[in-house]
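Written below as structure tokens is the structure these notes are about.
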Amino acid sequence: MPNSFGQLFRITTWGESHGPSVGVVIDGCPPLLPLAEAEVQADLDRRRPGQSDITTPRKEADTVEFLSGLFEGRTTGQPLAMLVRNADARPEAYAEMRETFRPSHADFTYQAKYGIRDHRGGGRSSARETIGRVAAGAVARKILSLAGGVEIRAFVTHIHHIAAPSLHHFPTLAEVEANAARCPHGPTAEKMIEAIKQARAEGDSVGGIVECRVRGVPAGLGEPVFDRLEADLAKAMLSLPATKGFEIGSGFTGTLLKGSQHNDPFVVRDGVIHTSTNKSGGVQGGISNGEEIVFRVAFKPTATILRNQPTVTAAGEPTELHARGRHDPCVVPRAVVIVEAMTALVLVDHWMRQAAQNRAFKF
Amino acid sequence: MPNSFGQLFRITTWGESHGPSVGVVIDGCPPLLPLAEAEVQADLDRRRPGQSDITTPRKEADTVEFLSGLFEGRTTGQPLAMLVRNADARPEAYAEMRETFRPSHADFTYQAKYGIRDHRGGGRSSARETIGRVAAGAVARKILSLAGGVEIRAFVTHIHHIAAPSLHHFPTLAEVEANAARCPHGPTAEKMIEAIKQARAEGDSVGGIVECRVRGVPAGLGEPVFDRLEADLAKAMLSLPATKGFEIGSGFTGTLLKGSQHNDPFVVRDGVIHTSTNKSGGVQGGISNGEEIVFRVAFKPTATILRNQPTVTAAGEPTELHARGRHDPCVVPRAVVIVEAMTALVLVDHWMRQAAQNRAFKF
Amino acid sequence: MPNSFGQLFRITTWGESHGPSVGVVIDGCPPLLPLAEAEVQADLDRRRPGQSDITTPRKEADTVEFLSGLFEGRTTGQPLAMLVRNADARPEAYAEMRETFRPSHADFTYQAKYGIRDHRGGGRSSARETIGRVAAGAVARKILSLAGGVEIRAFVTHIHHIAAPSLHHFPTLAEVEANAARCPHGPTAEKMIEAIKQARAEGDSVGGIVECRVRGVPAGLGEPVFDRLEADLAKAMLSLPATKGFEIGSGFTGTLLKGSQHNDPFVVRDGVIHTSTNKSGGVQGGISNGEEIVFRVAFKPTATILRNQPTVTAAGEPTELHARGRHDPCVVPRAVVIVEAMTALVLVDHWMRQAAQNRAFKF
Amino acid sequence: MPNSFGQLFRITTWGESHGPSVGVVIDGCPPLLPLAEAEVQADLDRRRPGQSDITTPRKEADTVEFLSGLFEGRTTGQPLAMLVRNADARPEAYAEMRETFRPSHADFTYQAKYGIRDHRGGGRSSARETIGRVAAGAVARKILSLAGGVEIRAFVTHIHHIAAPSLHHFPTLAEVEANAARCPHGPTAEKMIEAIKQARAEGDSVGGIVECRVRGVPAGLGEPVFDRLEADLAKAMLSLPATKGFEIGSGFTGTLLKGSQHNDPFVVRDGVIHTSTNKSGGVQGGISNGEEIVFRVAFKPTATILRNQPTVTAAGEPTELHARGRHDPCVVPRAVVIVEAMTALVLVDHWMRQAAQNRAFKF
């Protein structure tokens, strides 16, 4: 179903930008997981608006409330529902959008598809919808962390024309969170922040690229032929607002190599089979091979800009859309936590699928 | 389930490279569709090995047999099963692989996941598995063609370092099929074919990029928030063997633009709302907007090369993998029809989902 | 997933008897449906405790709050989440159950399955979980009513040994609601109420049978071979707490007839094909035939009784369970609205599936 | 999807009564299971026509062919496809049915739903479709047998008015197979066979009841709140042709008991928690409790009878359907193996789901 994600660890999200609430229910959460609201809140705080001077000034504490599924500090295997109330909704600020389609937003397509749309701040198409994903992702991360020390770390590598140098280590959370750009290379981060501020000053916006790395994933996750691990990661990432591309391992530039350069030789280290290079990005034949999973996601420049733009009305009349208020001039730094959340959801789901097929029976 | 794809027009494929057969069953095929085996065969012929001098010499007619679901030349709404027998299987040629993991193949990961693998030609991980996809895709294309004149055209834009110039029109099937590279720009195609032959002569392999365009898709297909049209396309493409990347519309290079450059202005032409540019690639907010759908898929260089390679055995001992026989030095030209098939499957599925939600009831 | 029901009109419920809340999210609700909280509340009021002197005295207003998915009084095609807060929770009343398994309840099996359970009032296994179903069912009924005048009417035919005479007309809602037993035959209803009171006076409980009839369903709903309409109805009913049996049309007693007596002859009335009898119960070959759908559901006597019972502790020690407070001596009258809700959910789902397969394309 | 069953051990069946073949593909079959065609054939032989003098004389060896998924005698975790060719198809025998709707068959409803139908022998609605279920069920039984000694035994308890005495032991396969009625009580079986022959002699048909018992199922299978074990069993059974009812444990007659009589007391035997009675039928709160699972399924009398019957044509004209040839005067004895197959499919699926949720992670 369109608002559900996952086969066995399945989340369903609800909520609109300026409706009463956003939320999520997790169906299939394993029992006995120790869990506290504060752990979910920590990830929501990394996602929430107003966290730095390069994000939207919308004021939302995004406080999570658990509605079900916990008993004495542990999950019970029953649905875990989590709710966040919208606080700083200003539906009246969106009156113009009732009749006017914002360019490169979802206004036109939602109207074409459903015959109705909640135009207030984009309604369901707002990135505010990702709150439910992040809340569920926090639970998934906790599971992965306890289950096998799996670590997921996303960070920003490109903002507009500014590119960070290649990172030769697995960055710490502190390194990523050290600056508002969430780029672990400090000098580049400063330039990125500058570029974002510059775009905002021009009433414009910029995009960029997020890289995500995962370590500690055992070999064996991924379900060929259709639910390959990279296929589900690609779907997860392209399901995020504003994404335009996904690549894993060598990606698009890998097409410039020959097979003899691209193949990852197998080697044995400490009795464990590894590859000596990682063009595969941690996945071979759709299944994790135990190496670091590495992929990148392209985010387009924010469609909302502070400039008047020519467009059309719902009635098909040419008109001009006026510049308006609160928004992010660049969504990429805040997207980091959302990329991590979706990654965690994919991994927990595949972990459970692997257990179902390969641990239910012993022959 | 791992070997099924689609929600309402759902295919399930089976079969291994050197087992008895490969096949597919379509569950959810609409009734009353006129259909003949020859129509499916036409697409299988475009996919089959040995079709040109730059593909593998394995000899397979890949003749399809309908097993069910047809009555007097029309579908009945019941499952449509299609079977292709493997003819030129040579399992003995793969004896070495029983114990040895080929670099950047699925040998190691299948063994790690399932504890057993059919090593003969890669078994299920072989690209031969895509026969079922292409057969089902041919049915989906027929539906789209009859339903609304939807046309899907994939073609090769890059092989290794050779890039075709941007294409400013929707290419005809004849243009794509005019050469073995399936690149509609003839002079570039010649260079691509030369590069592939060169790689083969070196015992090496090359990769490349396929672009796919779709025209005639009405506005309204795509199911936010998770089953966005681009998300399902991304999953479909990354579920194909040897793919490493997907991008739609402006893709990764779109991150170099500012919002004011990237936004697609709405205009009205002949009373219909269009966009005057197409950075969105035909999808906005996860839903088709009626413009041409444009995306690209990166294929890595073939992992099988005619060179000895260091690797390890299943027991974790270093060894050398010997060069061996039949394979494609470049899978990209044959992948064109597979990309089209997967695209058709996604579109029919979303078309049916759109009908379910928006045509079942009128309020 | 275990807490989701439906393929296209899919509900996911959450919540425990004595946790913070119970609720439901509908994914796939068609857009443009006019809907008000009061319409959902009406069905919740028919389900809620304390509505008559033969139900549990637990005090719950069961007030529903819409969390998302509505815009200016209409659905938008986005998830519709609904929340009911638990008010009269008394977790302390259940201290004994922490260690003791109540006979014929879910205490033992939840502990065996999950290794943890919310023992307070049965937690998730409480019939309180059905609030989400009834709320979603109210939306489904509204859809069916607007879509084609479909009417669903369940009522009580048996309580313990008391059987109502066969009903030869489609009862009105008023007839069903005329008494606390929800049996449209008044004199029988009086005896049923008396039997329930008698059971309560004895500290005992009784079960019974609910019949459900649906009229106005067009021919064509049901998805053979597995998702036959009667199969999905059977699953829906057996998914309800305390149910032990389902039969459609002639049911178990139909096995006493011969084929020549059991077959429903086709006739034409007013140019429409009908059957002159209805042993089939409105479904043939798994698909509705346009006749009245008729089925029956068996509910066991309530497992909670006001008598001491021998049982065992979680540690496997024999013990005695003490009689305790609030409960229904007979769940059957309140189950009527729940049976109607599940029926509505099945029908809307199949209606949408039928549209997907048979209305998406015209050949 | 309509022709798929199961969440993790998912089968998809195809095929029509007089088309080229019937078959099934299992997606999700665990790897490493030792399996031979002969094991599947054994169950198909119990199902096939012509096995005794009270079944249809249609001549079908129903020989199964494995199409994929096996390697050196073991499953590989890849799709297992199995094919049975139709041999004794006589489509010409069904010419009359092209225009005429047989009473209480699926002719009218398939036509109403799909706008087309394969009228030859009922096409997809024929019980011949169950071959794929039985083949897959044989695989599931093998799994259950190896995994934990689970035994599934169905048998006939009622044919028309003839009822077998209650069975106080778990019958052996030999006892069930000892006679053509598949009733383990010999004297009753003789009467049943006589009744079936009598019905055939009259050109009529009879129905009956199958009971199914399962022992060795561990506590913990079943996925509340919707995928309760009894709910999935009910769906499985009502998805079979000719079924009209399902009841588990005390079933419909359990409604005549009071709670104090109906509750199953817990006791400890050999350190294991059991119930001293089994009104629950082995399932409490939707989850297996380790006791014997016991349920019953009602089968209506065969709709095909050797008598002329008034009916209507597809054009809505009154007509008479003529008596015709080959059919079973009673499907109940052959249904026994089909009931067992569906039961096995449900149990393996739930076993895998249980492993996914409760064995993937340890906290």
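Labels A, B, C and D are assigned to the chains in the order they are written; within every chain, residues are numbered from 1.
Definition applied: a residue touches a chain if its C-beta (ideal position, glycine included) is under 8 Å from a C-beta of that chain, and two chains touch if they have at least 3 such contacts.
All values reported here derive from a predicted model rather than from experimental measurement.
The set of chains touching chain A and also touching chain B is given as C, D. Of the two interfaces, B-D and B-C, the higher number of touching C-beta pairs belongs to B-D. The greatest centre-to-centre distance from chain C, using averaged C-alpha positions, is reached by B. Centres computed as Cα averages put chain C at a distance of 26 Å from chain D.
The geometric centre of chain B is 39 Å away from that of chain D, both derived from CA atoms. In this assembly, the C-alpha centroid of chain B lies 45 Å from the C-alpha centroid of chain C.
Residue positions of chain B touching 2 or more other chains, listed in rising order: 1-4, 8, 13, 28, 31-32, 74, 77, 113-115, 124, 353-354, 358. Chain C makes touch with chain B in their complex at residues 8, 28, 30-34, 74, 77, 143, 146-147, 351-363.
In the complex of the two chains, the chain D residues touching chain B come out as 1-4, 8, 10, 12-16, 19-23, 25, 27-28, 31-32, 65-71, 74, 76-81, 83, 113-118, 123-124. Residues 1-5, 13, 101, 103-110, 112-115, 124-125, 129, 158, 160-161, 199, 202, 204-209, 219-228, 230-239, 241, 243-252, 254-268, 271-273, 275, 279-281, 283-290, 298-305, 307, 309-312, 316-318, 353-354, 358 of chain A are the ones touching chain B in the complex.
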